[in-house]
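Structures incoming, each one as structure tokens.
Here come two complexes built around chain A, the first alongside chain B, the second alongside chain C.
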Partner chain A sequence: MSDGLGNILLDLFPLMWSGMITGCLYALGALGLVMIFKSSQVVNFSHGNVAGFAAFLIYGFSSGVLLNLSWGVAVLLAMIAVVAIAFLIYAVISPLVFESELTATISTLGFGLIAQGATLLIFGADIVNLDLPIPRFSMSFLGLFITGYDLTVLAVAVVTIGTLFFVVDYTKLGIAFRAISENPFAAEVCGLNLRSIHLFSWIVAAILGVVGALLIVPTTFLSVTTVAAFMLQAFAAAVIGGFASLPGSLVGGILIGILMNLFTFYVSAEFTSTFLLVLILLALNVFPNGILARAGGSRV
Partner chain B sequence: MTEVLSVSGLSVFYGTSAQAVENVSFAVGDGQVVTLLGANGAGKTSIMKAIAGLIPSRGEILFGGEPISALPARERVKRGIIYVPEGREIVANMSVRENLVLGGYHLAARDRRTRTEMVLDLFPEIANKADRAAWRLSGGEQQMLAIGRGLMAAPKLLLLDEPSLGLAPMLVRRVFDRLAAIRRESDLAIVLVEQNLAMSMRICDELHFLRGGRIIGHRTAADLKDNAARQEAIDAYLGAASAA
Partner chain C sequence: MSKSSASIETMPGSASGNHARGWLAASGADYLLAAVLFALPFLIGGSWTFALGICFANSIGVLAVSVLVRYGGEVSIGHSFFAAVGAYAVAILDTRYGLSLVASLPLALVLGTVCGVAFAWPSRKLSGIYLAVSTMALALAVPELINNADWLTGGYEGLYVSQSVIPGVEASLQRYYAGLLALIAVVYGLRRLRHSRQGLTLLLAKQHPAAADAFGTRQVWARIAVMGISGGIGGVCGAILAFAGSTVSPSSFTFWTSIFLLVGSVVSFYGLSLTRALVGGAFLTLVPQFLSASGAWIPVLYGLALLGMILIGHYLPRIRSFLFASKGGA
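Up next, the complex of A and B:
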């Protein structure tokens, strides 16, 4: 093996590894967007800002800015807050959902702005630090540099995504969710309450969003726009997955994570956003029904 | 005989202008099968959907003597009013069994299991395909699944909207024989929408003829026993086009 090729491989594997780790986080964001879209045909543009607000709440509750609680209690309170916010947003838009998905979608933009405004109002425009209480260790494995953070992200992603897929595939609630996604009239005929299933999606999405935000913030810092920017990649992941496929968003997230990492390293760190847009456009053209769509099959 | 369903002065409007159902009144007794017969666009489906609470309507609907017009569709399902829609409306990407779970969504887990077995016994054609995706069933099997899904919820009143649509005559007969068997075994009342007079005659007690959203005539099954009377009713209410 020539030296050059060896070096490329030495770079490539770590890049792919860390890309996959971030990709899992994009997938957490994407899964929430897709769950909401599948059940109610609404694209939730408030997803990032609400999750960002929740991250700030955790910071506020645990740093002494608002309260001086332990990290765990702060996370619990923030989770309760996002669930309440999900309730509130859905309560306001639910009359719209059955009239026009487009109007409902546009009104989520409004809620995103409100969440961002509330964040600014309470916490200001400063950058803050929000760390995770995770084991700080690292090890080398087959040339990969693996940290406690990596393993934490991987474990959390596997458990949450695994649980979600189990619920959707094997429980009564999952049957209701799939029925509403595919044939809302059939679901109504069978006496299902469409609103409560929509709400289930909104709540699961909100929780996945906070988990994603919590895990992404330690890699950078927390500002008013950090989490919203992160959700942009989650959005791309959802688009690559076809926006209506849960497994598709997982694959899309990991793909985006890896490709963005490779692009940043080998091409340019400045143009990653442009690259992301090109990826989205390419995906829409090459896989209009998502990367996992069977030829001629339906989106599942 | 006690009345399961009593509809009076039922009207259905789509939007502000078009009136699909106009002042329709009829009743269904315990264990009775009532057929609504009429050409395309006569308002049959609209009446069924109004009774099921799937579209807004005016007029009075009593179920077991109680007014239900204000109840949402899901509350009517819980009370035992089950609509089996035209065009089947099964969930294509879910398995047969999952579709049945959907039908028995409000039941306790144990009841749901026993009813699933009962439905699969009733329709052996789909029993050996229970774990197959519903879209892989034939049209007739899908219709059986749709009816089976309706039976899952322990209905007291089944609203069957054109169960024979798109089925081969032999399959239609099989579906109707199954319905007749269910009827014999329970006091299930059925409102049946059919365009096929001969087939609905196999199980029904009463017929209402519909045109332009109104009931224009009424016969009991006994009235139509002989061929001459049947032909007379067809000529009077359905016109030559429906004679087949």
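Up next, the complex of A and C:
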């Protein structure tokens, strides 16, 4: 009996660890979605496809398909491209944003389709490999098998998310961002430019998406659908966090990572999307405002 | 969210002030189109007859999405689920029990409706983007569910639909006319709904929730009813898709299918008339036919069409009012 329990714990610990690592990446994706939603009330369905396109650009720039640059320069170029794309998308949909969030949301689907088509046109439907230049390293710690990849992901996630939270909490830009997500009308009356804050969130989201895509690709391979599929978990993470809470989406991402890992291992690897559907519906009904929302009722 | 649902309604067509005359003109065009379509198989080749059969099925799917937008103010990117339910109802009755579309189409309708209601219940309090995200999750689960129920659905390979409705009549004609009749029936049903008590109640519940509440219409009921209707039409779409295409497989019911149906709905400006539905359906069916040589252009073109139509819907009233204003000034 105790032996069985020990075995379960022995499995559980590494499962939770690796779930947390992928969960950090889901959180990176979810944070981008939530940034955009918080500022402009638009759900960016093109997030995954644009990030996937960027991952392909990095592959293209560094492998000789398009250019033959070093990895770092390729990433930099792809980042610039993605910022330009985010700028373009926002420029097109900004008149819609102020009229109807739902219409703007539908139009992001259009950009997703275009990004996917562009990836297919330029790079084809082949599967490619895109590795990170990280040292091969692994160690065992308390029964955990920790690799250099794990530590890289953790470090990048902590730095990126830490920077983001610092910017949002302490800088003028972050205060403006929070003001707009609280009350756009009042923020505009106070002289804030809604469009520039929206643009800020779109650009930050695009960069977060590329970082997430870069880090997730080494675990599988790169195809037209990989990153888009990864972003679906990010959607679930954002929903669990309430779609309007940055810390919530971080917690949601890690939770989704761990739960998916446990579900795949203990229940079934074939019903993961169904499991996500159930999770999303449950989360929306049980925690309509996200898991970190305070219990209802007003203080007297 | 009420803001967003209201502005969807301000697409051209619904915004026409002269409602009665516009409606008569639209129905006149519908009758003409229906007459042409009835005669068409005798004038064109077999491959076009086949493509039009698929086109009718897609038009029904476009209607299913548009109904949800028009009567519920909600956007769905999960209608491949209802289509899959209808299609597999037809295919399974066909291969297992040898029953034709006559028996399986009503079943597809009922199953689609039941699934619509079953999905609407857990998501009854969601609206706007929250509902859109949960329909997305629904669409994503479909291929996986079909593949893993391979004892019933044939897994990756899918199933064939071979039973004919009227024995002795040429199969291609049957596929064509079954689709056409189903499409006309759906359009007719929706037109009746528009002027029925229930339809008006649903519209009231969408436009003025508080007023609807005062008249005793609960929001939850309205939502579930709309999803049921939309799901039922989605089921019919799947049934016709299976019959007209004579095969079903999981690859025809992916998340992209759902997005394409939404694209078709946007391209038809969420219209519920025969002409509008056919515009949406034809866009979904004929564009891939013309672009079959270069498949990668299809998503690009669909994306551009989606954006273009949305932007036209956004700017057209402005351009129109600008033109009229300048005319009045001169």
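Everything that follows uses one rule, which is that the second predicted complex is superposed on the first by the 295 of 300 C-alpha atoms of A that agree within 3 Å, B and C clash if a C-alpha of one lies under 4 Å from a C-alpha of the other, contacts with A are read in each partner's own complex, and residues count from 1 in each chain.
To be clear about the criterion, a residue touches a chain if its C-beta (ideal position, glycine included) is under 8 Å from a C-beta of that chain, and two chains touch if they have at least 3 such contacts.
Every value quoted in this text rests on a predicted model; they were computed, and no experiment measured them.
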item	value
When both partners are placed on the shared chain, which of chain B and chain C touches more of chain A	C
Which of chain B and chain C A:Leu130 touches, first, second, both or neither	neither
Partner chain in contact with A:Ile197 - chain B first, chain C second, else both or neither	neither
Which of chain B and chain C A:Ala179 touches, first, second, both or neither	first
Touched partner set for A:Met20, first chain B, second chain C, both or neither	neither
First, second, both or neither for A:Val227, with chain B first and chain C second	neither
Which of chain B and chain C A:Val153 touches, first, second, both or neither	neither
Contact residues of chain A, present in both the chain B and the chain C interface	none
Touching residues (chain side chain A, partner chain C) in the complex	37, 41-43, 45, 92, 95-96, 99-103, 105-107, 109-118, 120-121, 232, 235-236, 239, 243, 270-274, 276-277, 280-281, 284-285, 288
Chain A partner contacts - residues on chain C that touch it in the complex	1, 3-5, 7-8, 75, 77, 122-123, 125-126, 128-130, 132-134, 136-138, 140-141, 144-145, 147-148, 259, 262-263, 266, 295-307, 310-311, 313-314
Chain B-touching residues of chain A, taken from the complex the two chains share	172, 175-176, 178-179, 182-183, 185-193, 298, 300
Interface residues, chain B side, partner chain A - complex	52, 54, 73-74, 76-78, 83, 85, 89-94, 98, 101-103, 105-106, 149, 153
